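Right after this note come the structures.
Each of the two complexes below includes chain A, the first together with chain B, the second together with chain C.
Right, the complex of A and B next:
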């Protein structure tokens, strides 16, 4: 009984390692292999020739370079929108039960909306406002900001709940206004969670594919660009791009590890 | 405290909620209205869908694929959560490796999966090496392609289920295991009569959240098989909008998906509420 359990455990661990590592190896291999060789049959497990041309093309081709910059800008702006609005919502939710109820029901209601049901009509609205498919990606940044608010709010909620009410009351007796208490006491005390929220929202936007595909049809961010490269057969650049795209996420998981795990699942959505 | 604090709280609730509603809910409402517009108000858009065999395939797949994917995620996620929380077996390396597929951007996972499952991809290469026949993993309209989509979807999301269940496992008091051991319960009996009942709220929560997410499946199908291979409602709607240039029919299809998610989501929440009342807090 115990032996077979142990065997199952070893098998599961081996499976996990293979599922996590082998694909990454193959991706890395493709990114440094000439394209002709990648299409060889049977597939090469170890590259016979090496090249850096795919990585060079990522920075040399205009379309790719501007997609990297656009993705960074959209992710940064949307993370700021979501964290500011999420902090407001989280603070109210932590201090009042009515706000809590309104907040939770809005957030869970939003989770029920399929991306496609929002994105198509939203495209029409963005077009009338004149920011559909804008080169700066501002329309997408607003959408990503909105879908990331639940993530930011849930991350910050726990932090605000943990701040003792006595501290706020003391500041109140000293004559500070509620806004001032929020800005000078609550926000600084929650700064670790604010950093976490910013990082999570940044990554949420950086990874987001659906809205990006529909809202930035020609001025693309990285995920839709990677999609077109993959589907239309540019294996080398697609692999190099995919490796670059993983950098922020992998850094976060490896560096921040355990403290982020709870938060990662809190706002996960497709 | 007092009126000015209350006023600030109201602003703090209203501004973010209005921003979310204006950006996400109002467009969806507009889409709902436009889905009933076919040169004037009518049900024509929906009728066109119901006459299209692709719509019914998409609807069927949209039930089959999420169902399969959630089951695979749950079984694998539970197995991983149980092995990783067993004290003797704690390993930071395995834990990081188990979380890795979720940390990788979805589109990167899908790019990889495509190269693995293509007819002349790595999986068939490995199969050919053993002397067996390669399989058409992504062949359009085949049950095998549905299987592949489920496996790839689960590959990316299993870590989430695992983390939710791990969080649930950590709340089970060690005394219960101690008591079970003193009573002479074996590994299986301990799991059946201690772990499983105590974990139930976390299991229900994970299944509901993942179920709602799985229903909205879009990119996995689009990247692996294209909109026609294993159509689901999202990709069907996308191809009506993008390829066929029929935005109002596309919106009608997306509204049927929204309706489906809402019904299943609200049903799930009602079930979850029952569990949280019986067993204390829902994870």
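Right, the complex of A and C next:
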């Protein structure tokens, strides 16, 4: 009984491992397999020839460097917008029952809304303002900032709820204004969750595809660029690019691993 | 000089709690304790004084004029409300930083007030590294640093263990004497209240039940509620009736030999504190025959639970007695408290 249970657990772990690792392996394999071998039948589990030409070709394309910079800028700016606005919303939600009701319905409203329904009007608005398909990607950054607010707000809500009201009241009695309390008491106390919110929003924007495709028609960010590679049959370079796109996420998880995990689960048990 | 005047203060909550029509004057340098069971409005009153709540009606005047309320009041919260991300120094200096006090001045005042609060720890440490007692001293130092006229404290010792609580109680009282500040202290612990207070305000259901010196409240409780709430072990209460002759009061047919006061109702509540029951007859004491049911040892004394006829009675005695023993207890009729059973108010015998 105990043994069969153990075996089942090993099998389950193995399955999860394979399901998680196999796609990554195939991606990595594809990125170093020469063009001709890519479509070999039956497929080769281990490539017979290795090449770095896909990576070279990706870097050779001028568009890539600007796309990387644009993606980084859009993700960073949108994460900042979402975290700043999300923090204000989350604090209000944590401290007032009316704000909490309005906040939760707004947040779930944004999440339930079919994104495609707002995509066209958004495009028109951005065009009117003159930041449609902007080389800096500022229009997309604003859109990403807006759709990331729920993520930031929900992450920070848990953190602000965990701060005892007593501490804010003490600061008020000590003579601090509400803005001062927010900036010098609440934000520093929630700093782990703020880092989490920034990272989650950054990643959200980093691999957002739909709006990026629509809003940045010619001045592309990485996900649409990857899409065009695939569409035009460049499987090798597409795999190489996809692999490169995972670098920020891996960096984040490795660098902030333990604290990120802590902050992600913080508040969940309260 | 009155530091704090409260006139007809009312604040109600939808839940039914709050404070109703409270008037109170606190003298400068006085240690005032608000005592009452939970939900009696004592914390609401403190928060109103602090300005954390706004009254529905009535007013709060703070002496010394020319300053806003927030400038003249500091508060120590139940769990101390220290800022966890700041060092002890930054915590104490926070009120000064908000007032743009110069650096040397800040350093001097932080050192001064932490010395006054008896804080000996390294000021570069964080609150989480401190013990409960040290945190309490940091909170006191922070309250003191901007030199407020009044320091408010909300159950500030409640979260600490018993031994630390009694040592900090003493420290707090000395601190208050030394600094000469006015203290308003909220507690539900009557031992703490009696020990700390210059003046004690007993609250019930959002109203002041009785205000006075602790000794006065203990010796002459103005209502049955105060009598029952203050004092440990709690007072014995009996329903007494006029004996057939009309000359004295009797409980369950047992004559207490107390002359009923003029205009006394047919039934009257009679209260005796357990420590007013003695084993020796003394002079002019009234005797009661009781049967001991159980005995509790409380350290210095024994709490004896006994039956007086069919009525339970508690006595605090200096020596142990046997369970089941027949005992004669004596009391001074002057130490008996009488209350009107319908209103609960005290009836004075003289």
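As a working rule, the second predicted complex is superposed on the first by the 235 of 270 C-alpha atoms of A that agree within 3 Å, B and C clash if a C-alpha of one lies under 4 Å from a C-alpha of the other, contacts with A are read in each partner's own complex, and residues count from 1 in each chain.
The working rule: contacts are C-beta pairs under 8 Å (C-beta built on N, C-alpha and C of every residue); 3 or more make two chains touch, one makes a residue touch a chain.
Not measured: the values here are computed from a predicted model.
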Contacts of A:253 with chain B and chain C, given as first, second, both or neither: first
Touching partner for A:226 - first (chain B), second (chain C), both, neither: first
Which superposed partner A:185 touches (first chain B, second chain C, both, neither): second
Which superposed partner A:166 touches (first chain B, second chain C, both, neither): second
Greater residue coverage of chain A in the superposed arrangement, chain B or chain C: B
Touching partner for A:53 - first (chain B), second (chain C), both, neither: neither
Which of chain B and chain C A:176 touches, first, second, both or neither: second
Contacts of A:234 with chain B and chain C, given as first, second, both or neither: neither
First (chain B), second (chain C), both or neither touched by A:66: neither
First, second, both or neither for A:136, with chain B first and chain C second: neither
Shared chain A surface residues [contacts with chain B and with chain C]: 169, 172
Of all residues in chain A, those that touch chain C in their complex: 164, 166-167, 169-176, 180, 185, 188-189, 191
List of chain C residues in touch with chain A within their complex: 50-52, 70-71, 73-75, 77-79, 81-85, 94-95, 98-99, 142, 146
Residue ranges of chain B touching chain A (in the complex, touch as defined): 1, 4-5, 7-13, 15-17, 19-21, 23-25, 27-28, 30-31, 34, 79-80, 83, 86, 89, 91, 94, 96-116, 120-122, 125, 128-129, 155, 160, 163-164, 167, 186-187, 209, 212-213, 215-219, 222-223, 226, 233-234, 237-238, 241, 247, 250-251, 254-255, 257-258, 261-262, 265, 269
In the complex with chain B, residue positions of chain A that touch it: 1-2, 5, 9, 12-13, 16-17, 19-21, 23-24, 26-27, 30, 39, 41-43, 85-86, 88-89, 91-93, 95-96, 99, 102-103, 106, 108-118, 120-122, 124-125, 142-143, 145-147, 149, 153, 168-169, 172, 177-179, 182, 206-207, 209-210, 214, 223, 226-227, 230-231, 235, 238-239, 242, 245-246, 249-250, 252-254, 257, 261-262, 264-265, 268-270
